[in-house]
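Order as written gives the chain letters A, B, C and D; numbering starts at 1 within each chain.
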Amino acid sequence: MLDMTNDYAQNMAIFNRAGRQTVDELFAKHGITLEQIAKITVDLQQRFLPNISVEKVVPVINNMLNKDEVQDVIILGFTLDDLAERDLLPEPLLTKVRRDEGSFGIDELLVSGIYSLYGTISVTNFGYADRIKSGLIGEIDAKGKASFDVSTTFQDDIIGALATGACGYFAHNPQTLVE
Amino acid sequence: MLDMTNDYAQNMAIFNRAGRQTVDELFAKHGITLEQIAKITVDLQQRFLPNISVEKVVPVINNMLNKDEVQDVIILGFTLDDLAERDLLPEPLLTKVRRDEGSFGIDELLVSGIYSLYGTISVTNFGYADRIKSGLIGEIDAKGKASFDVSTTFQDDIIGALATGACGYFAHNPQTLVE
Amino acid sequence: MLDMTNDYAQNMAIFNRAGRQTVDELFAKHGITLEQIAKITVDLQQRFLPNISVEKVVPVINNMLNKDEVQDVIILGFTLDDLAERDLLPEPLLTKVRRDEGSFGIDELLVSGIYSLYGTISVTNFGYADRIKSGLIGEIDAKGKASFDVSTTFQDDIIGALATGACGYFAHNPQTLVE
Amino acid sequence: MLDMTNDYAQNMAIFNRAGRQTVDELFAKHGITLEQIAKITVDLQQRFLPNISVEKVVPVINNMLNKDEVQDVIILGFTLDDLAERDLLPEPLLTKVRRDEGSFGIDELLVSGIYSLYGTISVTNFGYADRIKSGLIGEIDAKGKASFDVSTTFQDDIIGALATGACGYFAHNPQTLVE
């Protein structure tokens, strides 16, 4: 357990630093870069916002990773994939996560906690990117499908939610692309 | 105003009959059939559920239209498109609805009240169908885009939400396709 | 219709200024002040965040009103109450809005577009404030209940969503109360 | 892993039986009965629906527990509380779950997957019941607060979501109380 104080604001700062550190470790371990996520955002938004670029999206993704709501979803999702790989979930949860079962909706539900922070238009982008398996989403999904020992059921949706949350951010704050 | 009683259950039955009648009138007026909506469901689910057919989906759509939560969303959505066509919404709502503005998310939010009744997996299907403008969704969207005097901003999302709600229903109740 | 340009960012700025102006006019017309909304936030969060005050909450509410997702929900909600008062909604929507019917959930759905921008913990505060009719929420609700000619079905939920969105903001950003 | 077939409908039946069995075991282990959950529903709805009774609510809760979306949320929630008690979650997730931290919103997000199946009006009941800690919700919450070795962070929200999902069911289907 983390060392807590009696001060709410101090505790939140402790959570936030620990959260960002765990997220950075998880991304490093799985070889995920902010540039890869930003690339999905660019691919999705380019036809609406011609000025968008990986360089402009990376700082937005970086800010998202500093939010504790976002950190919680990412850490929980990667943890669940990891527990599934180690057979540490009860049935039928284990089989559903390992198979990335089509009727299993906890992954979609959980990551809505990321993109909903950026408005309801993100729903459409998320659903679309998830289905066409845009860029890194598809690579991660393929890793999970290639071997039953690897579970990426939550990981691909997390990447998709970060990329489409950033789409929502730019759709509502397009002036940040001009400045 | 409708004639109400002092009995909650009786009032709900009155609302429900009135709601279904208004929905049927709106669909008739806009030339929308349950078969067209079911066709989208079939197109989206066919590769997962080979037994699916328009004949099997139509009764599910029909049952959806009997739910008062679904009726309320449909009636409100068509009303907003109609008010927009008659210039009866305040700005900037009027311009956003008439232009089906990309940053406007009330349509996505409103219709989540339909497909969320059928589980969180519907989010992905909805987003995908909305973006590729599957079948009738695309036809309705094109009508709205063809003329500034016609607004279909909410209509296409309503059709998409009904079709993908049915996807969620069958994904969770596949035995109804076998029986 | 508003005068639009060919530039997405410029159009968003036009929408945003028009949206804020309409919100300010609606609040002025209904005698709603940011201080009254902030008072609800203070009442709900005081026991968790002793430093909170109306003065510190008002700028947060003010920022919320500059977001176009928030403006759209507010303008649509007040418009629906107004249309209901003037008998301009189809049945059974008209009767449900005028009666603030318990089974009618479009108001809750619509305002989730406000507080969801500030994380999922806002759900609990919203539900609680809505049910105990905290401060201004109760005053507005009472106005609607006092006369069938006045509809405040959406208004009280909008006020509740703004107040509890601010709760979410401070729960996730408590350092802003210290600085 | 469960033994799977090549048939989607058969697999869903296998998941469903396994899911219900795990839910029943978890409830038995934690001494939770359907009657206790139904009691919360009755307390919340009594003033609107005078005919409601524990006997009439129990079968509705029972049906909810047969839905695989509901089973998945319950099993995951109890699993997370259990993993927290055994120090098997990464930081800061572990500390947040163990402390039932106020800023932690994954519990609220997860259980929205239960009550959202019964319409958007359930949001208000859920938030209210969660905050006043109605009946069993309060008992479970108190267990978690009494000892740092016991985590009930997800459990109380699950019970609240089941009870308020049933509220939504009866609000939309009041005739089932008369028949």
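We adopt the following convention: a contact is a pair of C-beta atoms (placed from the backbone, for glycine too) under 8 Å apart; a residue touches a chain by one contact, two chains touch by 3 or more.
Please read these numbers as outputs of a predicted model, since none were measured by experiment.
Engineer: Among the listed pairs C-D, B-C or B-D, choose the one whose interface is a repeat of A-B, with over half of the contact pairs the same by residue number.
Structural biologist: Equivalent chain pair to A-B in C-D, B-C or B-D: C-D.
Engineer: If you tally contacting C-beta pairs, which pair wins, A-D or C-D?
Structural biologist: Looking at A-D and C-D side by side, A-D shows more C-beta contacts.
Engineer: Measure off the straight-line distance from the CA centroid of chain C to the CA centroid of chain D, and report it in whole Å.
Structural biologist: The mean C-alpha positions of chain C and chain D differ by 29 Å.
Engineer: Round to the nearest whole Å and give the separation of the Cα centres of chain A and chain D.
Structural biologist: 26
Engineer: Any chance you could list the residues of chain A touching two or more other chains?
Structural biologist: 8, 12, 48, 68-69, 102-106, 109, 112-113, 119-120, 172
Engineer: Which positions of chain B touch chain D when the two form their complex?
Structural biologist: Going through chain B, the ones touching chain D are 8-9, 12-13, 48-49, 67-69, 113, 116-120, 172, 174-175, 177-178.
Engineer: For a test of understanding, state which residues of chain C touch chain B in their complex under the given definition.
Structural biologist: Touching chain B from chain C are residues 1-2, 4, 8, 11-12, 14-15, 18-19, 22, 68-69, 71-73, 75-76, 79-80, 83, 87-96, 98-99, 101-106, 109-110, 112-113.
Engineer: Give every residue of chain C touching chain D within the complex, in rising order.
Structural biologist: It is residues 48, 102-106, 108-109, 112, 119-121, 123-132, 171-172 of chain C that touch chain D.
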